[in-house]
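Each of the next two complexes has chain A plus one other chain: chain B in the first, chain C in the second.
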Partner chain A sequence: MKITLDADKCCAAGQCVLIAPEVFDQRDEDGVVVLLDAEPPADQHDAVREAAAICPAAVIEVQA
Partner chain B sequence: MTLSTAPAPLPAEPPSGCPFDPPAEYGVLRTTRPISKVGLPDGSWAWLVTRYADIRAVLGDLRFSSDTTVHGYPRSGMTGGGSTQNRGFIRMDPPEHTRLRRMVTREFMVKRVEALRPEIQRLTDELCDAMERAEGREEGGVDLVEALALPVPSLVISLLLGVPYGDHEIFQRLTGTLLSRTVTDDEREAARSELRDYLDRLVTAKEADPGDDILGRLIVEQQRTGEITHDEVAAFAALLLIAGHETTANMIGLSALTLMRDPETAERLRQDPALIRGAVEELLRFHSIIRNGPRRVATEDVEIDGHLIRAGEGVVVAVPSGNRDETVFPAPDRLDIARPNAQHHVAFGYGIHQCLGQALARVELQVVLGTLLRRFPAMRPAVPVEEIPFRTDMSIYGCHALPVTW
Partner chain C sequence: MTPRPIAVVGACAAGLAAAEALRRSGWTGPLTLIGDEPHLPYDRPPLSKQLLHGTWEPERLLLRTKEQLDPLGLDLRLGTRATGLEVAARALTLDTGERLDCAGVIIATGVAARTLPGADALTGVHTLRTLDDALALRGRLAGDARRLVIVGNGVLGCEAAAVARELGHEVTLVGHDPVPMAAAVGTAVGELLAEEHRARGVTLRTGTVDGFDTDGDAVTAVRLAHGGVATGGRGEGDARLPADTVLLAIGSTPAVGWLGDDPALDTTDGLRCDAYCAAAPGIYAAGDVARWEHPVHGRPLRIEHRMNATEQGMAAARNLLAELAADGADAQERRPFAPVPYFWSDQYDLKIQAYGPTAGADRVETPVLDRAGRRVLALYGREGRAVAVLAAGLPPRQIRALRAVVATPLPWDEALTRIDTATATG
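For the complex of A and B:
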């Protein structure tokens, strides 16, 4: 799995951090999403897909 | 044009017998006319969107504007009044919306809010101590709305903004008027202008002596550097105070009542407090307290699921309907605290305006409900449920009062 972010669109709602805290974090200055792990291990895949589905601003893109 | 074709107003009454379910009209609309016309108080109309997928499509599409000054925006009868002056970024579009929202996003991010959890717990415990000492528990009961549901969010946001807590009665009265559906647009505007005057004086005082709080930081980092004006600081204060107060309060009241009436679920949560997170998501979905929007106006012709919405036409989103959409949430009228996709709800909206305070609201609900379950395991309504006054007259659903005993 490979994750890419379109962080310009992020509205810092933080839903991704609640769902997959080992993969996503928020930048201290403005709460915008940062990626902790662009190629997370298999046990994170479901959580990452869930975060991508819930993200209100369609920021998170997941490949395979 | 015949009068008989005037579209029906927004449904507000819960189905008979269940004050927790959204108006029955929504179930019918979702299957027969998912996008239909709704009549507004001034005789105008807007499109009412009732299906989950269509709601996400509208709220996620920037061709639908939140700007109340755009021609055709459905302002009549809207939450908080239709005034367009100093309206706060909730009623703006990018790039202005993005610029202003980002000035405060860090204040509400998950880490910051988690760090507040002990303080929120402390405030909650103090209010619970006071409730234990309160008179009147035997006769008529203690009003949980007054004793806990309203003060928690009010204390928390006052603390974050740096507003003297002694002033919270002013807010309670004014936000009550702003959010009522039964006052006239004029009365609502009067309340809005009174609140504006108060906040204007508050910001002036803080300009002289900015504290280590959200308003202080906005003044030092954004106003003094010329990014925003005095009036814009006051608009931030108004938005943050109003948006987080009665919303969270009503979720606390309704959720506490729901758990009192469902002892099995309450017991499960007492046995396994880790379930409270998911329970709060499900309660947000189930109660969907936002009953009068969000609203938008189309800035271009847009097709939503084959339905054409023309430029200049207004849209009202039916949050309670989307959150009971059976194609997304199986057995939607059942409260299931372990529902796997509960967090997919649109109780906080969707798209770039999705609730800025959602992490805070979640922690407040988790703390308050967890504390009530732990400290007051025998709490129950002091009156039959038919006697509890539900807020069918307000833009934010809940109970006006909730007498409890234990």
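For the complex of A and C:
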């Protein structure tokens, strides 16, 4: 799995961090998403796909 | 016999989320996505923010590219309107004259912007719901300074006022309620917003629109009943607000008219659904149009927020498939849809975020209210329990921690204590 972000679109909802805190975080100053692990291990894949689907600004793209 | 499709009516956030969830959850049969607008599914929140401002072009609002949609194998019907539903037969009729006999239907037709009598015929009077609406208003605001009157001081009116001021236009914001967004977030938070808008040069007015003055078919002023009142104690103002551009941001109506009056459906204020988002056997609803029984709050809610569109689209899809597979070997249980509602609003540099249903509260307290620092934290109660929390200007970690405080409504005092804990750390 490979994750890419279009962080300029991020609306700082933080839903990705709630769903997959080992993969995503937010910047302290404005809440914009930070990618902690662009190629997370298999046990994170379901959570990452859920985060990508839930993201209200369509920021997270997941390949394979 | 060709297998029957699942049809999703509404090709925006909720409909797209439903279509994707149907595929992810194993629906391999035909899947029809019907949208009355000509555009691929796009995101609405930026319409009153980045798109109106001109910082984003329409392509940036697309929720998926054509290439990303291809693997879903959709029968995509854009520019097509559903005109009727036979509930028992699960049969849709379309404005193409076609009849679709479906295995299941997910209704995500959203809402339509309210307007005022005579407004549609006037040049310069706009609503803001669709991409085309937003582009028309943006075109109007692209040149020299306009005199813009925004009718309606809810979330949409406030966001549009902020953008128009940033673009240098003269902006008057008129509402029934003297305090902006009061119905959504209460007066304390609304007052903070009012100060922000005033500081940025927006004129706030209280009043009811009586009609428009015109020159030919062009609007020249908004007329207020009884003269209106200048909010902030400057006494009664002019009954006429000169305007060359008017935005009507006076709420919306659920798009249920096409469903007719089949007694199998309750379409009072949206399409009434049970806790599983089901309106009838095989018929589900999601997003702005759905009024469903929230199992935790114990009352029907209809939520016009972006996050709910996606979450409910996914939930309706999963539950529909569970119903359709109920006799099969790999049948899943249907699950009640019990989200913690979330919304945000951006106005100038201020970002407001809330968890839980803030509207309909009978009690509001603000443990943090720092006007100069533009920091606020508000707790909303209903029938003795804390149901929602709103924050602006707090660190992201603290805001995330607030979600847990209202995920299950707690007794008021217990929630206040937990708020102190959540905001004392990190």
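Assume the second predicted complex is superposed on the first by the 64 of 64 C-alpha atoms of A that agree within 3 Å, B and C clash if a C-alpha of one lies under 4 Å from a C-alpha of the other, contacts with A are read in each partner's own complex, and residues count from 1 in each chain.
Just so we're on the same page, a contact is a pair of C-beta atoms (placed from the backbone, for glycine too) under 8 Å apart; a residue touches a chain by one contact, two chains touch by 3 or more.
This is a predicted model, so every value here is computed, not measured.
Once the two complexes are overlaid on the shared chain, A:Q26 sits against chain B and chain C alike. Of the two partner chains, both chain B and chain C are touched by A:A57.
When the two structures are aligned on the shared chain, A:A13 is found in touch with chain B and with chain C.
Once the two complexes are overlaid on the shared chain, A:A38 sits clear of chain B and of chain C alike. Counting contacts by the rule stated earlier, residues 9, 11-15, 17-18, 26-28, 31, 53-54, 56-58 of chain A appear in both its interface with chain B and its interface with chain C. Those residues of chain A lying in contact with chain B across their complex are 9, 11-15, 17-19, 26-32, 50, 53-54, 56-58. Within the complex, the chain B residues that touch chain A are 59-60, 101-102, 105-106, 108-111, 343-344, 348-356, 358-359, 362. Remark: chain A residues 9, 11-15, 17-18, 26-28, 31, 49, 53-54, 56-58 touch chain C in the complex. In the complex of the two chains, the chain C residues touching chain A come out as 13, 17, 20-21, 24, 43, 45, 60, 63-64, 306-307, 310-311, 314, 342, 344, 346, 351, 353, 395-397, 399-400, 403.
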